[in-house]
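By letter and in written order, the chains are A, B, C and D; residue numbering begins at 1 in each of them.
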Amino acid sequence: MIKVAVNGFGTIGKRVADAVSAQTDMEIIGVSKTRPSHEAMIAQKRGYPLYIADISKKESFEKAGMKVAGTVEEMVRAADIIVDATPGGVGAGNKAMYEKYGKMAIWQGGEEHEVAGYSFNSSCNFADARGRQFARVVSCNTTGLCRIIKLADTAFGVKKVRATMVRRGADPGDAKRGPVDAIVLNPVTIPSHHGPDVQTVLPEIDIVTTALVVPTTFMHMHIIQMDLKETGDRGKFLKMIADHPRIGLVKGYTGIKSTAELREYASDLGRPRSDLWESCVFEDSVSIVDGKELYLFQAIHQEADVVVENVDCIRAMTGGASTAEESVAMTNRALGFETI
Amino acid sequence: MIKVAVNGFGTIGKRVADAVSAQTDMEIIGVSKTRPSHEAMIAQKRGYPLYIADISKKESFEKAGMKVAGTVEEMVRAADIIVDATPGGVGAGNKAMYEKYGKMAIWQGGEEHEVAGYSFNSSCNFADARGRQFARVVSCNTTGLCRIIKLADTAFGVKKVRATMVRRGADPGDAKRGPVDAIVLNPVTIPSHHGPDVQTVLPEIDIVTTALVVPTTFMHMHIIQMDLKETGDRGKFLKMIADHPRIGLVKGYTGIKSTAELREYASDLGRPRSDLWESCVFEDSVSIVDGKELYLFQAIHQEADVVVENVDCIRAMTGGASTAEESVAMTNRALGFETI
Amino acid sequence: MIKVAVNGFGTIGKRVADAVSAQTDMEIIGVSKTRPSHEAMIAQKRGYPLYIADISKKESFEKAGMKVAGTVEEMVRAADIIVDATPGGVGAGNKAMYEKYGKMAIWQGGEEHEVAGYSFNSSCNFADARGRQFARVVSCNTTGLCRIIKLADTAFGVKKVRATMVRRGADPGDAKRGPVDAIVLNPVTIPSHHGPDVQTVLPEIDIVTTALVVPTTFMHMHIIQMDLKETGDRGKFLKMIADHPRIGLVKGYTGIKSTAELREYASDLGRPRSDLWESCVFEDSVSIVDGKELYLFQAIHQEADVVVENVDCIRAMTGGASTAEESVAMTNRALGFETI
Amino acid sequence: MIKVAVNGFGTIGKRVADAVSAQTDMEIIGVSKTRPSHEAMIAQKRGYPLYIADISKKESFEKAGMKVAGTVEEMVRAADIIVDATPGGVGAGNKAMYEKYGKMAIWQGGEEHEVAGYSFNSSCNFADARGRQFARVVSCNTTGLCRIIKLADTAFGVKKVRATMVRRGADPGDAKRGPVDAIVLNPVTIPSHHGPDVQTVLPEIDIVTTALVVPTTFMHMHIIQMDLKETGDRGKFLKMIADHPRIGLVKGYTGIKSTAELREYASDLGRPRSDLWESCVFEDSVSIVDGKELYLFQAIHQEADVVVENVDCIRAMTGGASTAEESVAMTNRALGFETI
């Protein structure tokens, strides 16, 4: 059993903890939280030992009825590998601690590539993770881009990618961030940083991205166009999507045309937290224009798609599976996850 | 086993079907749908026989891979009792069919009280349902008002209620209804119809209500003020809420101050579809002003709170339980439902 | 003085009426409304004679204190030219009436190109309008696309255009339409109809468009990419935009990065109804990638950009100006309109 | 001519500057800004001398083409009176500077009552301002409450007020603040601070308030209930509202039922920045229940209603008018302001 600690039990951390916990070859030995909160209570309910960075706050946890197992440093020592899901930019500061105790660690996409020196996506570069001490699971948007670009590249060869990310303003549980009634260019400059981020995983891909933020809470929407090397074949590509273990196909007959309807579907399917771990490609949008231009819309659940990647990354680094196919199948099976 | 049919497998109907299905003393013998859609597919996955009103559409269902069990009329004949969850105003038109086959039926709050001649709330008038052919489970807002008013009335006597309902604009899965950026008076006139609707269950209560709509999707927020007959006791009332099987207390230490954070909590708790079947009273808001005025905020999950009431109403009408306490306990246990 | 009637005094109609009224060579002889409302009251205040389609409703107008000048048919007879700003799809039905009285008419982009057989944009095909009885001013999005594509084509030659329209869900004064919390693919299929609509004005342009709807009220945002025939020159193109009488440049030093901040700016400038008649190109977004790919963001005020086009179209059809430059200058001067 | 400086040329400050500038008995001698921005450019266009707190930033203004007149301290010295419209909490820190130069100053409602020791509302306590060095114009919500409570108290005597404020989440030009999809209790505790704030102007009034925040940008909505000393008379009260120079009546026949439609109306009326300086009471909502309970909805434009109060407050303090009626009439006339 691989002993996993989750440093930062927030939006991503709590999902990774549940997903790791569902696997048969790994276990959660602790999670960390800075303040008592409803999430700390959930950790308690799930039976995850609760560690805190600032031990002087122990009393405030105990007053709220929560047991503190120790400090974050103690948690790190007890683990084989740490999934660092602290807020973007904070994780880099934890590297020294992981190095001090000689532990493996995985950061999220909020950190720079350089923190780990290696960026991971299970559909693209699983094998390269073997034997590394550090890795970074790329952001939700980059994960979604990597999966579909790799697939199209395998199918027809990809000469150039142009993609726009229409991003959600706040997560569903966030009552503070906006905007309320605005489309925000983020950034105003073109191209955005997402293209170079894809290249940390797929260095050969020529890609230009743009990004904006809108007042929604659930899923980013990608408008993707790819110049293909060979003439595209819509039927073939749809079949490849349907067969991909991390990309789902939103069928036309479901009538689903929006992120809201997709959430309802995930919720009706009984997915925990309505999570869509798969990229969701809209079947009716997949088009080949002028033979060599592929177009499609895909929706990316910002809280979920990287969760399964973290589980795979743990196996890739520790040697818990020898191929991506094997690990992805193990992860999906343990979660009862069949793509839509 | 009570044989239950759900006519209208939408927002409420699909939840009632799942809740009925989880009970040990009743079963779903069929659900109806007018069109193939992602919800029809869910019915199929759950193993609920799918009936359709217009048999000429059978082929369109079959083309989408869904088996049609027969017509709605056949479903009605096969059932002991029908939960009518068709859209507001449509249900009344089905009464003749239920009468023709001598079946019991339950309508939702979108229909007028007069359709059934009896309006139900398990915390208020369970016993009166016994032996009736028809009942109406009051709307989500009225259900929420009835629960808390009855509780306060039991505790201190209620002289007068003033309540404002700040309503969500669209359900989470609805991508059409607005508003986008507006507070809408609905209705402009004061008082709104919610007061008289409460009186269909609690005829003695003096109540004035106002209502408006805002651009959110999850939960209505109630601002409630009650003039009490006796001096109020905050501690006592908080304890009564904590003990109530259908009212939850949002504790201060959770840091939850909004509907978004409440949804996150429900989702983290693993509730199916993030459903909050209980009224959610904010602990820190419960106040006694000038001795005899009670104030509080409560949030009502518009898709969920009536679901458990429908299950109780089935038992109340069929004699499946002899008291409200018994039925509520059975319903909650089967759902694994403990209030927050 | 050209006698102009505005059939349909709503979002576009009221703005066209005010813009026509501000010109020295044309006048408003009447506007039409179907119901007494705040907008009918505004027509009254502005001194526009109020005509109604259904004369039986005269009394309801008079009860609200509004004078009715006659029927829509009487208004048409009194006019030289009618600007038809009735809701999309309704305008086509009025064609017979305009033909019966031999009047010139201009429809909006909600009607099909075939209704008029000629689609107008003052920056592209002003001269072709001369002598026509009927014209159609293309929609706000198509207007915005035509202006910038024509400019780039003039500068560097345009080989191919790829554009995404992120559209507002409801107009600012609309309290009904949504969505509340959804990104809606509209349409799901690719390409959208906007490309062919551009080709009604610029038939030689190769263009593929996609469109989605988000929960905002003010402005559509366009993400535009153009393959150029010649190597692009950013400085030259920025200068051409700055010099264009219908395209404005949102300067970097203003700090404006969103539609909300743009509205604030329009409002601070004292623009009537905060109207942005110009396309608003974000200076910092204008980029030349790999020499021959032009990228930019532009925001289009859906209520305003076609208003000035209608005024020009009146002149183009009636011969009130001999060139686009002359008419555009007259229109802008009368409105005190200098681009941002 | 009273020489007025506006310290803080933001949402409120820029409006106060324009309103002061429109008066015949006062003039703007300077406004301050901390950074070059679109608002600084607007100040420049209006001809308001631009002062800056940190003179080392002079160059950054000049690079953006804006002339800097001097430091804030120099502006203060040149003024008779300063309207401090710096962000909430910042203004208090400027008091020492105003004292140092012996200048009169007016703060906004974001500061505590204690900063000035006197809180102003032109409909309630105009005369008390005479001769004071410092005053505070109460917040937009408190201003709206004071106006209507004072009116009802004059008409029928007010025994008790219960009011709920449904607040906008962000201003129209703000692209950062949320919430996106949440109703936020702000504060969770009852009562909110608004009641005591009303009592800084109307100390005799018994009032309990609650407040929440929703995802809209334009106007707060108040649900107000008052226990009256005498039996209420709806017709009489409607007439008193119609006659009030700072309260408007949203007539039923306009069809306006929401904040969005109210904004459209203000915009159609040609109001600068669509500003509604008046409280907007919905005619159809005004109700007398059980003889002695008055109910109504009123909408308050958060950016505008205090602007005219600031102008009156300047006159009240400097003796520029001897009665509230006189000042209010002067202010309104200069703005061309007739209530809706």
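Keep in mind that, in the parts below, a residue touches a chain if its C-beta (ideal position, glycine included) is under 8 Å from a C-beta of that chain, and two chains touch if they have at least 3 such contacts.
Remember, it's a predicted structure, so these values are computed and weren't measured experimentally.
Q: Between chain pairs B-C and C-D, which one is joined by a greater number of C-beta pairs in contact?
A: C-D
Q: Measuring centre to centre with C-alpha atoms, which chain is farthest from chain D?
A: A
Q: With centres defined as the mean C-alpha position, give me the chain B-chain C separation in Å.
A: About 46 Å separates the centre of chain B from that of chain C.
Q: How many angstrom between the C-alpha centroids of chain C and chain A?
A: 42
Q: When the centre of a chain is set as the mean of its C-alpha atoms, what distance in Å lies between chain C and chain D?
A: Distance between chain centres: 36 Å.
Q: Provide the list of chain A residues touching at least two other chains, using ranges where the numbers run on.
A: In chain A, residues 172, 174-175, 179-182, 184, 215-217, 257-261 touch at least two other chains, as defined above.
Q: Tell me, which parts of chain D touch chain C in their complex?
A: 14, 35-39, 41-42, 45, 63-64, 172-175, 180-181, 217, 253-261, 263-265, 267-270, 272-274
Q: Taking the touch rule as given, give the residues of chain C at its contact with chain A in the complex, in rising order.
A: Result: residues 162, 164, 166, 179, 181-186, 188-191, 208, 210, 212, 214-219, 221, 223, 225, 252, 257-261, 282, 284-285, 287, 289, 293, 295-297, 299 of chain C touch chain A.
Q: Quick one: in the complex, what on chain D touches chain A?
A: Touching chain A from chain D are residues 168-170, 172, 174-182, 184, 215-217.
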